[in-house]
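Heads up, the next two complexes both have chain A, just with different partners, chain B and then chain C.
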Partner chain A sequence: MDYRNTLTTCTYCGCGCNLFLESLDGRLTGTIPCKTGPVNEGKLCIKGWNVHQFVQSGKRLTKPLLRKNRKLEEVSWDEALDFIASRLKHIKAADGPDAVGFFASAKVTNEENYLMQKFARAAIGTNNVDHCARL
Partner chain B sequence: MAGLAASFGSGAMTNAICELEQSDTIFIIGSNTATSHPLVATRIFRAIEKGAKLIVADPRKNQIANFAHLYVRHKPGTDVALLNGMMKVILNKGISDDKFIAENTEDFEAFKQVIDKFTLEEASNISGVSEEDIKNLAKVYASADNASIVYCMGITQHTNGVNNVKTLANLSMLTGNIGKPGTGVNPLRGQNNVQGACDMGGLPNVYTGYQSVTLGDANKKFAKAWGVETLPTKIGLTLPEMFSGIENDEVKAIWVMGENPVVSDPDANHVKKALEKLELLIVQDIFLTPTARLADVVLPGVSFAEKDGTFSNTERRVTRVRKAIDPVGESRQDWAIIQDVSNAFGYEMNYESPEEIFDEIADITPSYAGISYERLEGPGLQWPCPSKGHPGTPFLHKDGKFTRGKGLFHAIDYRPPAEKTDNEYPYLMTTGRVYAHYHTGTMTRNSESLDFEIPEGFLELNPADAQELGISDGHKIKMASRRGEIKTKVMITDRVEKGVVFMPFHFEETNVNKLTNPAYDPIARIPEFKVCAVKLEKA
Partner chain C sequence: MIDTIKQKISGLLSDASVKGVVALKTANGHVTPCVFQKEDDLDMLSLGDMQASGDTRYPLNKVLITIARQYPDDVFGVLVRGCDERGLYTLYRLNQLDPDKVVPIGFCCPEELAKACECKKPYPDDPVAGEKTKEIFQNRMEEIEGMDISKRFSFWMDQFSKCIKCYGCRNICSMCFCRECSLECEDLVSKGSLPVDIPVFHLTRAMHMADRCIDCGLCEEACPSDIPLRVLYKKTSRIMNAEFGFTSGIEKQEKSPLSMLGPAPDN
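Coming up: the complex of A and B.
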């Protein structure tokens, strides 16, 4: 039996409460508030207490999907990546870098947002990067 | 954030969340704090227990208003009129902080002229709040030693959102309530890492740490760091502009990472049509959201529980995210997905971990320069943190030394919202959140306990309106705006006043953003979610 507690930060609102995700043999089983978290000091709201629940939902996407004959079908990572790279190259060549836009995200980490805007600016060559801060 | 940046030089929450306990007056306007930011509300409740006064202004009597010393219900979209009215009272009574204004601010005279022209009577007529209540609000706020302003999307999601924010900044400077603990102007960021997405340059005009893409120095620095000859200096398109760009055949491809614009954006039918028109729509997400269903290719990323990294919260605190379990199925780390696409595209990236990416960020971002994963073991660090030994910065603009030099007053007249009611669309509709759900519901609707709490959307309707429409609690109603129509259940409540209705936006089945107005603020490009004219009919 492999029981673990992993200290992390809640993914819901901007409070940034610290909590422990409980896992048993690689499956999430619960959430425990962190007493030393500077924002929450051992408390959580109803969303925080249940934050582990959506992670293992049966509706999670587990494979890349590609539209073929108007339907989304499961494909390999290689096929999905090759498709994206060739389409992006084509569109950049035909319509210029500003024909491509990027929605960064308030949901992913700093590192991931950084990498997306780096790709947009350095690889594609556009500043068309925004996210839903306004929404 | 544009409003605060113009006034103070920095667009972030000026003070730390825990400092709210040290305030002796807290003024909440346009924030449903107890529902949307419960652990900020906790600090406010503690402050009240210690004797602080809470004043709340909101068109909807939300939960925290029940704890207020004084609650006023102003009409949607009339914030500037209400606030200018308060400042009229403060100037008339001579309870402004003239020393602070003289030493630390500029453009006060231009601002004062606007207030001098404006009357308390006008403020009352426009906002629907009595002159007596406006006077009391002003007195309670201005007479505090440490007064803190807390606001959220109720202030910003308007066509004059930037003006609303600048007006709050005016109010804080007028009374010297900025630059010390327990004061300030504090926007609560709705999503866990909105602050971080902005800090990381997820915006069309700046790189990390708000370094401008149009400035030669930053441009050259980033080009060198990223190993490219040149970087574009033209400011990019904002989100609403990208949608217009699609219509005008200028934008052909969009990559959406972890967002759901079909449910979150105004005028949803229009958004859907635009996304369908794209030559290439890439969606990276953990669920097949309504937006992902329109994609040409869908890339399965991972949730926060399966990844390492950092988030930056609403008080600029950078904290660690740690991997608790392995990715589900063949889903991949979101950073690795971007790296894989980049390598396939021909721009090489060779990161081995998020920590390596973070170190690169710290290298080229002055406000993050002193932060490292090693230093984030513990309570995290609040930026600016410019060097390895720097303790971080709990509150900004210390002793009236604003980031931009002097605090800037703005002369702002009241402007009405973009859409008015008329005979055909006689009700004002405003949108917001409920306690059990989060944003477009992709996570909370997939959480058994939370979906059980509130399983479907509903419309809050005043008892007098319900009587006129002949509708009872729990019955269905048809609601239409000039853009779309939905059917939903009715909840009869006096949380909303007669003529105003409220609906949460978490539910794709009753997607209220089919109705909302995409008219946006000319500077911040934030749409007017909080005011739209609708008609109601028994369904």
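Coming up: the complex of A and C.
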């Protein structure tokens, strides 16, 4: 038997609430707010309370998909990344950087979101950056 | 006190009378619910007193239910205060835990914590450590009971209107184990909208807590809006006591009047 509570930070917004991800034998079983976390002091909002759910969601994409002949098909990471790079280059050259938009995610870390906006602004050259939590 | 409890847990683990002990540990500067399976780890044991007595209590019975559902044939120890033991008795009654598979390791709360909780039984029946202290008078409830009815009504409506509908009171509660919850039933509570339906949301929960709430206070501590939920459930519990002479979790074998069929009480 392997029961654990892993201390981590909620990904859903920038407040930085501390919580424990509760797991039993390698499967997530719940979220417990951390009472000694200075930000949230043992409290969470409804999103934080359910933050463990998306990890094991059956709806989660686990492999890259590429639309071919109007149908999504499973492809390798190499093929998916080659396609993204070539299309981004092509669109930027043909219509300018503002023809591209970047959507970040509430289900990744702050650092990963930072990289996403940095890539948008520095590599592509657009400020078209948005996030699913700002709906 | 903590050394006596360590010795007790150590004994249970060394003679393999339990598969593990659900308790608290201090790790990375935080108190965490955990399961001790090795005696060597007991250095990290915590009783949930970080800065003040009982300020880092966690729903250990809830952890035990999660584990027992996965390991129904194994025996587990669990660290209990008076409130946790009332919780265990209630969970036995509601068939969520098997008393033959649970070894409670009880300790008494100090007077300071008993006063802060206004606890009616700040000790388990058979404590391993600590001194039993007296029942504390329910000042907070008397204060609200003392208001006239219109003032009391507006007091509670004001409190309920602060709710951000996080469901934290339900989620932290060891007595809330139902797979389907009335608070997610769209006939009672509208879905996807705020502010929350008041007073229906809170009173639905209060009704469901009437013969379950063991007055541990974790709901109030988890509430981001500081709604005095504990006082609300103390009130429903007091009604149960006045009408039926029943208090949840005090007697190990006692059935809830709400789960019995029979003639109406004559009053």
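Basically, the second predicted complex is superposed on the first by the 101 of 135 C-alpha atoms of A that agree within 3 Å, B and C clash if a C-alpha of one lies under 4 Å from a C-alpha of the other, contacts with A are read in each partner's own complex, and residues count from 1 in each chain.
By our rule, contacts are C-beta pairs under 8 Å (C-beta built on N, C-alpha and C of every residue); 3 or more make two chains touch, one makes a residue touch a chain.
These numbers were taken from a predicted model, which means no experiment stands behind them.
Colleague: For A:Cys45, using the defined touch cut-off, is the partner it touches chain B, chain C, both, or neither? Pick first, second, both or neither.
Modeller: After superposition on chain A, A:Cys45 lies in contact with both partners, chain B and chain C.
Colleague: Now for A:Ala123: first (chain B), second (chain C), both, or neither, which partner does it touch?
Modeller: A:Ala123 sits against chain B, while chain C stays out of touch.
Colleague: Name the chain, either chain B or chain C, that contacts more residues of chain A.
Modeller: Touched residues of chain A are more numerous for B.
Colleague: Name the contact category of A:Lys35: first (chain B only), second (chain C only), both, or neither.
Modeller: A:Lys35 contacts chain C only, not chain B.
Colleague: Could you look at A:Arg60 and tell me whether it touches chain B, chain C, both or neither (first, second, both, neither)?
Modeller: First partner only, chain B.
Colleague: Could you pull out which residues of chain A sit against chain B in one structure and against chain C in the other?
Modeller: Overlap of chain B and chain C footprints on chain A: residues 4, 7, 18, 36-37, 40, 43-46.
Colleague: Write out the stretch or stretches of chain A touching chain C in their complex.
Modeller: 1, 3-5, 7, 18, 20, 22, 24-25, 29-37, 40, 42-46, 48-49
Colleague: Which residues of chain C touch chain A in their complex?
Modeller: Against chain A, the touching part of chain C is residues 19-20, 27-35, 37, 50, 55-56, 58-59, 63, 66-67, 70-71, 74, 164-168, 171-172, 221-224.
Colleague: Considering the complex alone, what residue numbers of chain A touch chain B?
Modeller: 4, 6-18, 21, 23, 26-28, 36-40, 43-47, 50-57, 59-67, 72, 77, 80-85, 87-89, 91, 95, 97-119, 121-123, 125-135
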